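Written out below as C-alpha cells is the structure these notes cover.
Letters A, B, C, D and E mark the chains as written, and numbering starts fresh at 1 in each.
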Amino acid sequence: ADKVTLQLKWVAQGQFAGYFVAKDKGFYEEEGLDVEIKPGGPDVAPEQVIAGGGADVIVTWMAAGLSARDKGVPLVNIAQPFAKSGLELICPKDGPVKTEADFKGHTLGVWFFGNEYPFYAWMNKLGLPTEGGPDGVTVLKQSFDVQPLIQKQADCISVMTYNEYWQAIDAGFKPEDLVVFNYTELGNDLLEDGLYVLEDKLKDPAFEDKMVRFVRASMKGWHYAVENPEEAAGMVLDAGGQDENHQKRMVGEVAKLIGDGKLDPALYERTAKALLDQKIVTKEPEGAYTTAITDKALK
Amino acid sequence: MQPASQAVVEAKKLGLTFHTGDGPVQALSDVDLTINKGEFVSFIGPSGCGKTTFLRVIADLEKPTSGSILINGMSAEQARQARAYGYVFQAAALYPWRTIEANVALPLEIMGIAREEQKARIKRTLDLVNLSGFEKKYPWQLSGGMQQRASIARALAFDADLLLMDEPFGALDEIVRDHLNEQLLELWKQTNKTICFVTHSIPEAVYLSTRIVVMSPRPGRVTDVIESTLPRDRPLDIRETPEFLAIAARVRDGLRAGHSYED
Amino acid sequence: MSRFGISWQAGLALVLCAMAAVALPLAADAAFSAGTTVLIFALIVLCALASMTVASTAFAAAILFVGAHGAAWLLVSGIAGHEGSARASFFLLVAAAWLLAWRCVTELVTIRPKNRTADTMLRLIVPTIFGVWLLLLWEALVRGFGIPFVLLPPPSTIAVRIANSLPVLAADVNQTIFKAVLVGYVLGCGTGFAAAIAADRFIFLRRGLLPVGNMAAALPIIGVAPIMVMWFGFDWQSKAAVVVIMTFFPMLVNTVVGLTASGHMERDLMRTYASGYWQTLFKLRLPAAMPFIFNALKINSTLALIGAIVAEFFGTPVVGMGFRISTEVGRMNIDMVWAEIAVAAVAGSVFYGAVALVERAVTFWHPSIRGG
Amino acid sequence: MDRLRDKIIPVTTLLALLVVAWYAFAVVLNGPFQRDLDRRAGETPSYTEFLVKTWSQPKPTLPAPHQVAQNFFKTTFQVKPWSARSLVYHSWVTLSATMVGFLFGTVLGIVIAVGIVHFVALDRSLMPWIITSQTIPILALAPMVIVVFAAIGITGLFPKALISTYLSFFPVAVGMVKGLRSPEVMHLDLMHTYNASAAQTFWKLRVPASIPYLFASMKVAVAASLVGAIVAELPTGAIAGIGAKLLSGSYYSQTIEIWAALVAGSLVAVLLVALVGVAGRITERAMGGREA
Amino acid sequence: MQPASQAVVEAKKLGLTFHTGDGPVQALSDVDLTINKGEFVSFIGPSGCGKTTFLRVIADLEKPTSGSILINGMSAEQARQARAYGYVFQAAALYPWRTIEANVALPLEIMGIAREEQKARIKRTLDLVNLSGFEKKYPWQLSGGMQQRASIARALAFDADLLLMDEPFGALDEIVRDHLNEQLLELWKQTNKTICFVTHSIPEAVYLSTRIVVMSPRPGRVTDVIESTLPRDRPLDIRETPEFLAIAARVRDGLRAGHSYED
C-alpha cells in the first residue's frame, strides 16, 4: 500500500472525525493507502511540519495556508471538506456587549497561532482599532478554554460552534444567557479546515493519484461520520480523543459544516482578499488551489 | 572572694567515648579534676591523650558519656550560654570572608559591644599579638603563625573570666613565644582570670602554671597533677633556677611514662 | 611555547582545501565566479601556511583571523540567493575556514597580556569569535543545503528582522522581562530563600516543607500557567507567579545545602560565644552558604526567562515575548520567532553576567574565585 | 517508629494545613461564578448550600481536594495500569523519558563542567553560549525539535528525553563548575607537589570535593528534566504522558483532571528528588562524612 | 658523587612580592642561598618572615617575582615534574573523605606504585610516626598532633631525595618530638637525603641541621647562615654540650635581632 502521512491541526477530536472514520472503516485501505494520522497540538504548525517533510498532506485553515504560501511554503489546497466556518464570538448577555456597536472599549478574547485572521478581518471591516483604548478593542490572547469568560477577564471570547461553545454550556451558561456573533452569518467567515499539499510534489503524477485516492476515501469517511456521528465519535475516542459526550456532540456539530469537499472559488476569493486587505499576505496568491484532485476524486 | 574554695571547673569521674566506624575510642576516662578561680592550669601529654577533648567538654562542645562536669557551679551548657569562657582552638579557624580586624570583632559583635569599644579592643589585642598593620588583610594572606596570633587576639578581645587555650603558641618561634608568655602571665596576674592551657612545651607549662596536669592516652586519663611551687611573679630567667628545673624534670618523667615507646 | 610547528587545525584545513579543489565547482549554479573561488582558496591556504611560520602568537592569530573570516564571508555571501545549490566543495571550504578560526582562538587564549584593558578585550573577543562561528556555520548550512526558511531562517534574515522590528521587540521586552521576569525572580528567589531559612530554623518545617517543596518543584509549568492565569489575570502578574514557582525550588535546595556548608570548627567557635541562631546564621552560615546561593541565583536567572516566556503561551495581552513567539510561529514568521529568541538570549546572558559579577564580589574568598 | 515521628507527622501536618487552605481557596475562587450561576437560575442558596456547591462544580476554577482525590483514585487504582485512562500509565511514560533525559543531562553537564574547568579556551568561549542556550525558551523550540525528529522518523521517548536533557544539563554544569573549583588551595598545592596529572587531580581531589554541589544540582536537574519531559509531550498530539493529560484537560477545561495529573506529576517529582537525596546520603556516608 | 659541589637548591637574588588589596607585601627579598646534596638545612625566623614562602618557591607553588631558583640544576617547574621532593605542609592538609591509610596512599597511587608495595610503605611510615591502629580512621577523628603525624607519614611514604618540611613537629610534645627528631636524623644519615626544615625551636634546629638559616621579616630576607660544627652522629644528649649551646646562643641572637619589639 502507498504510505500517506496526514498532519492534523489540533489534537484528536471530532473536528477530524472523517479521517479517523476513513482509517478505521478501512476506506483508505480500499484505496490502497496506508495512512498515518498525526495529531497536532498547541504550537504544532502543520505548515512547518509539511515544509520539513514530516507529512504529505495537512489539515489547516486557509488563512494560515495562504500566509505560509506567502512566506515561501508553496501550499496548494486540494480539497475543502469544511464548507462553512464554525467560528463564533460569544458574550454573556448580562455583560456590556450586546451588538457590534458595543465592542468599543471592551476586551475580546481571540485565538492566535494563525487563527486570528478572521477576527482582524472583521474588526478591519468595522473600522475598530485593536490597540485598546476607549475607541478601540483590547485583544486578549485566549487560552484553550472558556475560562476568560467565567473569570470575566474578557467581555467576549472566541469559540467554535462544535467545541468551546459547548464548554460554555457545560460550565453553566444557558444558550439564552449568551450573545452569539457567528462569523458565517455575519459574512466574515474565512475558509477553515482544508487539505493542503506542497506544490512541487503535486507535479508527480503518482503523488497526484495518491492524493486523489486519499481525498476520495477521506470524503467517504466524512459522509459516513455525518450519518453516524455516534459511531464516528467512538472512533475518535479510540484514536486518543477525550470526553465521550463532548466528542459525540462535536461530531454532530461538525456535520453541519461539512460540504462535498470541493472548494468554492467565491469563498476562496473572499478569503484571499481579506488577507490582502490586512496585508497578511503581501501579494495576490496564485495557484494556491487546484480543483483537479476533487474533480477526479468526486465524480 | 575566697579564691581557694571557688571551683571554676569541677570534673567528677568524667568519661567520654567516641563511637567510630571501626569501634569505640575512649578519649577520656575517669577524670577527676577541680580547678579553682584564679588558677593557671596547664595540660600536657602525648598527642591523642584527650587534652583537646577535655577542653571541649568544659566548653560544652562535647557531651561526656559518663561522670559529670560543673563550670562555675552550673552545667557546661549554662556556662556556655553565660559566655563564661574564651576559647583558642588548636587550629586558627578564622573566617575567610572577614579581614583580620573583622575576625577579631566577631565575638564583640555577637556580644553586642559598642562600636567604639570594639575598635579600641581590636587595636589593643592586635597590638598585643603584634599584628598591627595587618588589620585589613584576609586570613589566607597571612602566614601560619600570624593566623594563630589572630585567633589568640580574637579570644582575648572578649574579656572572659575563664580562658581555654589549646596550644595557642604552637606555631610561634621562641622569641615571640617568650614575649606572649610574659604578656599572658601579666594579664593573668592583673585580672585574676582562670586559665586552662594546653601545651607541648614542658618549660612553657612550668613557667606559666600554678598546676600542671599530665595526661596519658588509651584511654585518655590524668596520670599526675603537679603543683607549682614557683611564686606568682616570674621573670623569664626563673627558667634557669633549680626549682624550675626540678619541676620540669618531674613533668618530663610523668610525660615519658605515658608514652608507648618508653614501656 | 614552541612555534614554527604544524598545528593540526591548519594542517587539516589544507587537506580539506585540497579535497575541495578536487570536488570543484563550489555550487551547482553560477553562485561563485572563478575569481571569487580562487580568492577563497588563496585566503585559506596562504593564511594557514603563514600562521605556521610567523614568530609571534598575536601576529599568527591576526593572520588566522583575517583568513578564516575573509573566506567565510566570501562563501556565505556567495551562496546567498543561490540557496540549496552548494556542493561538497563548498562545505569542505567552510570546514577549512572554521578550523582556521579554531586555531585562531587557541592562539588567542595563550596570550597573557600585561595590561588590563587588553586582557578584558581578549576575554571578550574569544567568546565572540566562537559565537560568530556558530552563526556563520548556521548561515552556511541553512543556505548551502537550502533548508526552508520557515523551518530555520539564516541568522542574516533574523538580524534584518530585528533591525526592522525594534519597537515591537522593545515593547515585548518591557512586558516580559521588566515586568514578569524581574518581579517573579525577586519574589521567587526571596520566598525560596525564606523557606530555606524557615526549614533550617524549625526541624518540624524542614521535615515537612522539603518534601512539599519537592512537589512544587516539578509542578510543570504548562499545568501551572493556566491556573495562574485564572488566579492572577492574563497580564504580567500571572507570568510573574509562574516565575516564582519555577525559581522557588532551586533556591530552596541550594540554600538548604549551603547552610550545612560551614566547617565544624567554625560552628564550634560560634557555640563558644553562645551565639544565638540568627547571629550564627548571619555571621557564619550565610556567608559560607553564599557559593550555593549564587549557584541558585545563576540557574534561576535563565529559568525565570524561560518560565515567563512559556507562561505567555497561555493567555496574555497581545504583547510579550512569549506571545510573539507563539503567534508568529502560527503566522510562519519564523524569522520573528528567532528574533525574539535572540533578544531573549541576549537579555538572559546579560542577566546571568550581572549575577556572576555580583557573585565574584560577594564570594571573593571562595577558592573557586581565588583561583582553584 | 522514629521515622513516624521525624518524617510522617510533620509532612502530614503540613499537608493537612495545605488541604484546609485549599478548601478555603476553592470557595474564594469558585464563589463568583457560582453566584453568577445562581443569579441566572434565580436561586438563593443558604450559606452551607453555597459552600457545598463551590466544592462540587463539574469544571471548577479550583477543584476541591476531594474532587481531585476521587479522580486521582479512580484513574490510578480503578483502571488497569496499562490502559490509556490510567494515571499510572501516563506517569510511567513521563517518568521513563525524564529518567533517560536526566541521565544524559547529568552526564552532559558533568562533561561540560570538566571541559570548562580544564580548558581555558572552553571556559572562555563555551560558557557564555551555554548560558545563552538556556535563555532560549524551550517551549518555542520543543515543537520544532519534535517536528524535525518526527520528520526523520524518530518519535517517542528519544525526542522527549532530548528536551529533558537540554533543561537538566545546565544546573549540573553550573554547579559542577563551581564544585570542581571548590577544593582548598592547599589541597590543590599538595597535588601540585606530586606533579599529579590533571586526571589524577580530577579523580582524587576535584570529584570528591564537588560532591555536595553535584547532589544539590542534581536535585534541581531532576525537577527540570521532569518539566522538560512534560513540555515535550505537548506537541506530540496529547497521546500519552502527564503532559498529554494536562493538555487535553486544559483543552476541555477539565480542571479536575488537570489537578489529578498535577498531583501525579508532583508525586513523580517527589519520588525522583527523594531518590537523588538518598543517593547523595549514601555517597556522603561512603566518603566518611560526619553528621552536619 | 661530589657531595660538596652538587647543588640541590640554588637561589640567586630571589625576591617575591604579593599584591594584596591594600598594597604589596614583600615576602622575600634578595635571597641568595645554595643548598648542597646531603645537607640538612633549618630555617628559623619570626612568624611572617617568609620561610613558608621560600619553601613554596622551591616547590614551584609560588613563582618568584625577581631573581632565579634552580633545583638539581633544573627550573623549579621541571624539578616538580620530576617529583624531586616531598613536602610536609604547615597545616596537615589531609583529605577529609579519605581514611588515614588512604591519605598516606595518595602520593603512592599518583606515582603508580604497586598495591603490595603501597601497603608495605604505608605500614612502615605509619609505624614510624606511631599511628598504627588508626589506619581506618578519618582525619576528623584524630587529634591535632595525630593529623600532623599522618601528614608527615604521607610525605615520607614517597621516598623523595629532597624533603621540604614546614614545621612538621609543631603540634607534638617534647617526647614524641625527640623521638621523631632521632628518626629523622637516622633516615637522613642512611639515605643521604637533602632536607629543608622550617622550625621555631632553636634546640631542634641546632640538633638536626648541618646549617641554620636565620631569616627576618618586612621584607623577608636571610640575615644569618650558621654552619653547624656538630658531628653527623648526634646522640640526644649532645644537646647538653657547650658546643651545642654555643651554636644555639648564636641562633638566638640572630633571631632576636630580627624581632621588632627588640629594637
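As a working rule, a residue touches a chain if its C-beta (ideal position, glycine included) is under 8 Å from a C-beta of that chain, and two chains touch if they have at least 3 such contacts.
Here the structure is a predicted model, which is why all the values come from computation and not from measurement.
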Under the touch definition above, the chains in contact with both chain B and chain E are none
Separation of chain A from chain E in touching-chain steps, minimised, is 2
Based on mean C-alpha positions, I'd like to know which chain lies farthest from chain B. A
Ranking chain pairs by contacts, what comes out on top? C-D
Distance in whole angstrom between the CA centres of chain C and chain D is 23
Distance from the CA centroid of chain B to that of chain D, rounded to the nearest Å? 52
Once you find the CA centre of chain A and the CA centre of chain D, what distance in Å lies between them? 35
Just the number, please: Cα centre separation of chain C and chain E in whole Å. 48
For chain E, give me the residues that contact two or more of the other chains. 91, 138, 140
Please list all residues of chain C that touch 2 or more other chains. 151, 226, 230, 264, 313-314, 326, 329, 366, 370
Residues of chain A touching 2+ other chains? 42-43, 45, 48, 52, 143-145, 147, 151
What are all the touching pairs of chains? A-C, A-D, B-C, B-E, C-D, D-E
Tell me, which parts of chain E touch chain B in their complex? 18, 20-22, 25, 44-48, 51-52, 90-91, 130, 136-138, 141-146, 148-149, 166-167, 170-177, 179, 200-202, 252, 255-256, 259-262
Over in the complex, which chain D residues touch chain C? Could you list them? 6-7, 10-11, 13-15, 18, 29, 61-62, 120-121, 124-129, 131-132, 134-141, 143-144, 148, 170-171, 174-175, 178, 181-185, 188, 212-213, 215-217, 219-220, 223-224, 226-227, 230-231, 234, 242-243, 246-247, 250, 258, 261-262, 265-270, 272-274, 290, 292
Sites on chain C touched by chain D in the complex: 105-106, 109, 123, 126-127, 129-131, 134, 151-152, 204-205, 207-209, 211-212, 214-224, 226-227, 230-231, 249-250, 253-254, 257-258, 260-261, 264, 291-292, 295-296, 298-299, 302-303, 305-306, 309-310, 313-314, 321-322, 325-326, 329, 337, 340-341, 344-349, 352-353, 366-368, 370-372
Enumerate the contact residues on chain A facing chain D in the complex. 8, 11-12, 38-45, 48-49, 52-54, 94, 143-147, 150-152, 167, 170-174, 177, 240, 242-243, 246
Can you check the complex and tell me which residues of chain C touch chain B? 263, 265-266, 268-276, 279, 283-284, 287, 290, 363-366, 370
